[in-house]
Amino acid sequence: MTTATLSQPTSHRVLRNIGFLALPLIVIVWSLADPTLGREVLEWIPYLASGFMMNIVIAVLAMLLGTLVGALFGILQLVPYRLVRLPVVAYVQLFRNAPHLVLIFATTYIFPFEIVVFGHYLPFPDWIKAVIGLAIPASAYVAEITRGAILSIPTTQWEAAKGLGFSRGQALRWIILPQCLRRSLPPWMNVAASITMGTALASLVGVHELLHAATDASTAVRRLDFTIIAYLVVMAAFFLLCYPISRLTRRLEARFNAA
Amino acid sequence: MQDMSLTDLFVSLTNRIGLNYEFLATGYEAQIWRDGFITTLYLIALLIPVSLIAGLLFAACLTSGKIWLSAPVRGFIELTRNTPTLVQLMFSFLVLNTVVSNMLGGAQNNPLSPFFWVVAVVGLHIAALHAEAIRAGIEAVPASTVEAARGIGFSQLQILRYVEVPLAFRSSLPAIVNNLINLVKLTTVGNAIAVSEITYASIMVWTQRDNVVSLMIVILLFFSAINIIVARIGLWVERRLAVPGYGL
Amino acid sequence: MTNPSADTAIVKLEDVHLSFGQTQVLKGIDLTINKGDAVSIIGPSGSGKSTILRCINALVQPQSGRITVDGTRVDQLTKESERIALRKRVGIVFQQYNLFPHLTVLDNIVLAPTRILGVDRREAEKLARELLEKVRLSEKADAYPGQLSGGQQQRVAIARALAMKPELVLFDEVTSALDPETVGEVLWVIRDLIRDGMTSILVTHEMRFAEEISDTVVFTENGRIVDHGSPEQIFHNSDNPRIRQFVGGLSGGRGAVRDGEGI
Amino acid sequence: MTNPSADTAIVKLEDVHLSFGQTQVLKGIDLTINKGDAVSIIGPSGSGKSTILRCINALVQPQSGRITVDGTRVDQLTKESERIALRKRVGIVFQQYNLFPHLTVLDNIVLAPTRILGVDRREAEKLARELLEKVRLSEKADAYPGQLSGGQQQRVAIARALAMKPELVLFDEVTSALDPETVGEVLWVIRDLIRDGMTSILVTHEMRFAEEISDTVVFTENGRIVDHGSPEQIFHNSDNPRIRQFVGGLSGGRGAVRDGEGI
Amino acid sequence: ATHASADSTLDRIKGRGALTVGVILSGAPFGYIDPKSQEQKGYNLDIAKALADDLGVKLETVTVTPPNRVQFLQQGKVDILIANMQYTEERAKVLDYVPTPYDRAGGAAVVRKDSGLKDWTDLKGKPVCVSQGSNYTQPLIETYGATVKALPSQPESLLALQGGNCVAAVHVGGTVALLLADRPEEWKDYAIPFPTELIPSDSVIWLRKGEKDTQAALDNSVKKLHASGKLIEFAKANRLLNTKYLEEEQKALSAAK
């Protein structure tokens, strides 16, 4: 018969909402079932929350930096001068292909712990290194997104701008890039989600983020069931943050595809 | 002997430009490091088919139209897409593995190794991404083509096998290759559970020595090379499968 | 509606009603087709022509009424396997020819016989080449659909349907997606088939062609069969003003027929 | 070619040759346009009409010959900044209206004056609203291009070009992408402009319109100007059989003109 | 990372008024986060505090892990490491250390009671879990032929043991002994059966190569802590189970005074 691609709206929505809350629900139900465990969890929640704040800060800053650099590099990848273009293309290729974890290791261990600016020692803490470690791949992805978006703008738009007397730079700034924005929003959000999840890798180099905090807590509490529930809390935190973003992304994608 | 002197030559040459590869001349560190490369390559070689097969199965469940098949897969896809793979891996290895051990009546009966868990977690994670790509490809097959197949007398499964999957595979190939590049990068999380892949081996070396930069250079080049190869193979497959007059 | 030759009927629809959701599409269709007949269905757009064909091939299921194809009660089929069995005996060719774009012309034709009927590959290929001969496309056996013109693709689609050796072929506006120049080549092929005695039902807008090849012409409107009869009757002697309007002023040609549809 | 009024000429092309790679597109174009004139360029497809306009606006550079626009030797411009200065004075409107889809109608018009000429935003908006009035789209100021019909978009594109207060406007088949019903509304706008004394060069297939509004009509073929003169001369008294063929049998209407082009 | 031979570190410590110590939070008794106050606690931290006090500066701590602690020290992110890091010849080649140890520790192997493992030599060919960067890696591989699996930190290693991924988890004796004592229920199937510790060696404070002044100052402080019995006090407060070494040292050093 006719293909069953039509979704069954209500049952799906119910399922989706249950799914969305499944992880926190498990944590809560389990904590209630075993009050001693529940008390430990409750005690550690502030500590874990402070860890998670670090994930969010790292992710936000990495995306900020990555987007600025990436947008610039995306444009530079298209300039007609080989001398500019080739190094940028090489950068993008190298770091698009590099594992996040390796880049985090690299920035953590290669960069100094403090930098000297005009004789002042400025600390260069690990979490900022993690920001850079994640901003590097983010910038490579954003560069590719930007390049793709610019190329997808019809050449007639450039021509129309030229006909009005815009220079190349002005046309890019006022006409082409604003149009790229819309097209590149969904892929940009995918990168943001991937970078957000990459922040967990910072735990492996000792940044005090959520996963690290959970390990600390497990070490201190030394209960097997606490360790398990700590991991569940970690997953729930990331899920509650990333799932809405990914749903929004798909909604936008669908909208843009339809338009 | 020949090999030995080559190593020495390399070590001394690189030393002159400030890179420290002295560990290559030692026993167990050099061994661990070489094994690291092999393990990473082995992981990749194993994970690619695993992820593709599981991805196909997931996609089949998603498009089956049966809610008891699609809902759990959908749920897994959302979970794996929206939580860090590292945490999934630690959770699987440290928690699920213990549960499995307890069920089998003790750790000594548990055959599951860290290697297994990396393959399972990374493989299924990438499979979920493949499944999404394939599903999108299947949905992009025109309804009229499906109806034509049905009109000829193909069953639902045959339509999937002979019409939808071949077409969907072609249109989702770029996304799949992209996922495979992510897969290669993801193998590094194995170090968190002591799978002796290349980053793990390198950590073992640099915790005893001060040569992070030297090791990083090699690792970055190594992954670039693998991913360029993966992308090339993807392109080659894309060309091989290209149908004249169809698609781009 | 009288069915004088019910005994030799290969297709019989009795009081078929069908709705998609709220919209009633077929409002009581009665139709009998005998073995070896060529029946044309004409009528304005949206009148239910395609839906009739799709009912006969069990691609949609009516809410009420009886559909019998060569002894099988199509409306009562519940299992997918039974529907598939029916479809093996009833070929259908659509307006969008819908070849499988990833397979060569030959593979398009060979796929169904080998996979569904279990015919030996060599034998299936032999038949496929004969059919390609018939639709005058022998030299395109190894081309991909994307390399063919619309008319050529449609002829391959017909060959693909014939490869299942159906007892009956349904053609749904097989020339509507083609440019005027290539319509002719597809119609030749169908004309040849009908001359060879294939039972066929055609939905078409090509009045001249319908007039030339049909044994019976059926006029549908608004989910009902308004009239049926010999081409002579329908095209030239109908006393239904609606039909006269539809075919009358428009017997001039194809383009004109198009304009008429919308009325 | 004689240039009786060279002193008041605003645009002057002398022996302009241009090739794209191997293909010679302009093979010696001579053309003089006086201030306040409306000149139509007609001719078959591919004859180089668009290329002439793009030369005048320095969007392409000829290999040889001289192009003078209001005293500026366009063919000798080497710097991008000089070309930009020229384009500020010469507006161009294309067949594909190419509005900026991310900006409202008002912002489309205001962008260039504010960003390029440095006009105060308030002033630019005032001018923009006046222009919208002129192209009869006042009520659409806040709509996005995607919400407008083709004819409306083209009128906005004209207003956008006029907002730079050009001395000269080039129109390149501004109605070709429009459906017959909306062609009229764009032509009205251009007619009004020309009546107001704007110097303009139009490439068009609308013979009737060209005849009505032009001071001079130029006929191009195969990279050359075959003839030029008053509309009366070209459309009704040409002794060139090719032109008679192009405009002659076809004076009936638009659709017919289209068919004629290919000859 | 090369550093000027002139000992700038001590000046910097004094200048900034703070001693930055890399500590490891691998669990009680050496270093952990207190569940109640969520502050860092433990034997190592007490020593760090005492040293800072002795230098007359504030204490700043940086949490390190075995894989990153040497990097942190080399980079100058921390001034010294009090991080369960025992003296080995390899380490002494790249780093300097305070000659007077603050403890002596060796590796203890936690194994299942029913595993039948009796001594280190039984580990041959068997998977053994350690922390990444552990100094037990090399002897386990080279002397006893074990297959070493290094996990990011101690809790992961112990969980891996419970999950059956290794037959033994080898960590600093004090930590695991206390763990087994404190949580008998959870660890009832496990024991520390080997009669000896693995490479029992001195726990020393590590610093960058060539920082002689800092080294001397710290050595002096550590000696004082021994002599005054402070270290034994810390050990008791943090429940180090084996304080024999500290007692001997205290006797020796207070006598020397």
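A, B, C, D and E label the chains in the order they appear, each numbered from 1.
Keep in mind that, in the parts below, a contact is a pair of C-beta atoms (placed from the backbone, for glycine too) under 8 Å apart; a residue touches a chain by one contact, two chains touch by 3 or more.
No experiment lies behind these values; they were computed from the predicted model shown.
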{"item": "Length of the shortest touching-chain route, chain C through to chain E", "value": "2"}
{"item": "Selected interface, A-B versus A-D, where C-beta contact pairs are more numerous", "value": "A-B"}
{"item": "Fitted rotation between chain C and its twin chain D in degrees, CA, nearest 5", "value": "175"}
{"item": "Separation of mean Cα positions, chain B and chain A [Å, integer]", "value": "20"}
{"item": "Euclidean distance of C-alpha centroids - chain B vs chain E, Å", "value": "37"}
{"item": "Rounded Å distance, chain B centre to chain C centre (Cα mean)", "value": "49"}
{"item": "Where chain B and chain D are represented by their mean Cα positions, the distance between them in whole Å", "value": "58"}
{"item": "Numbers and ranges of chain B residues touching at least 2 other chains", "value": "90, 94-95, 98, 192, 203, 206, 212"}
{"item": "Set of chain A residues in contact with two or more other chains", "value": "109, 203-204, 224, 227"}
{"item": "Residues within chain E bordering two or more other chains", "value": "67, 71, 152, 156, 159, 162"}
{"item": "Contacting residues of chain A [partner chain E, same complex]", "value": "40, 43-44, 46-47, 108-109, 112-114, 126, 203-206, 208, 215-224, 227"}
{"item": "Touching residues (chain side chain E, partner chain A) in the complex", "value": "25-28, 32-36, 38, 63-65, 67-68, 71-72, 75-77, 152-156, 159, 162, 179, 182-183, 186"}
{"item": "Chain B contact footprint on chain A (complex, rising order)", "value": "3-5, 8, 11, 15, 19, 22, 93-94, 97-102, 105-106, 109-110, 193, 197-201, 203-204, 211, 224, 227-228, 231-232, 234-235, 238-239, 242-243, 246"}
{"item": "Contact footprint of chain B on chain E as seen in their complex", "value": "1, 66-67, 70-71, 74, 90-91, 94, 112, 114-115, 129, 132-133, 137-138, 141-142, 149-152, 156, 159-165"}
{"item": "Chain A to chain D touching residues, read off their complex", "value": "154, 156-157, 159-160, 162-168, 170, 174-175, 178-179, 181-182"}
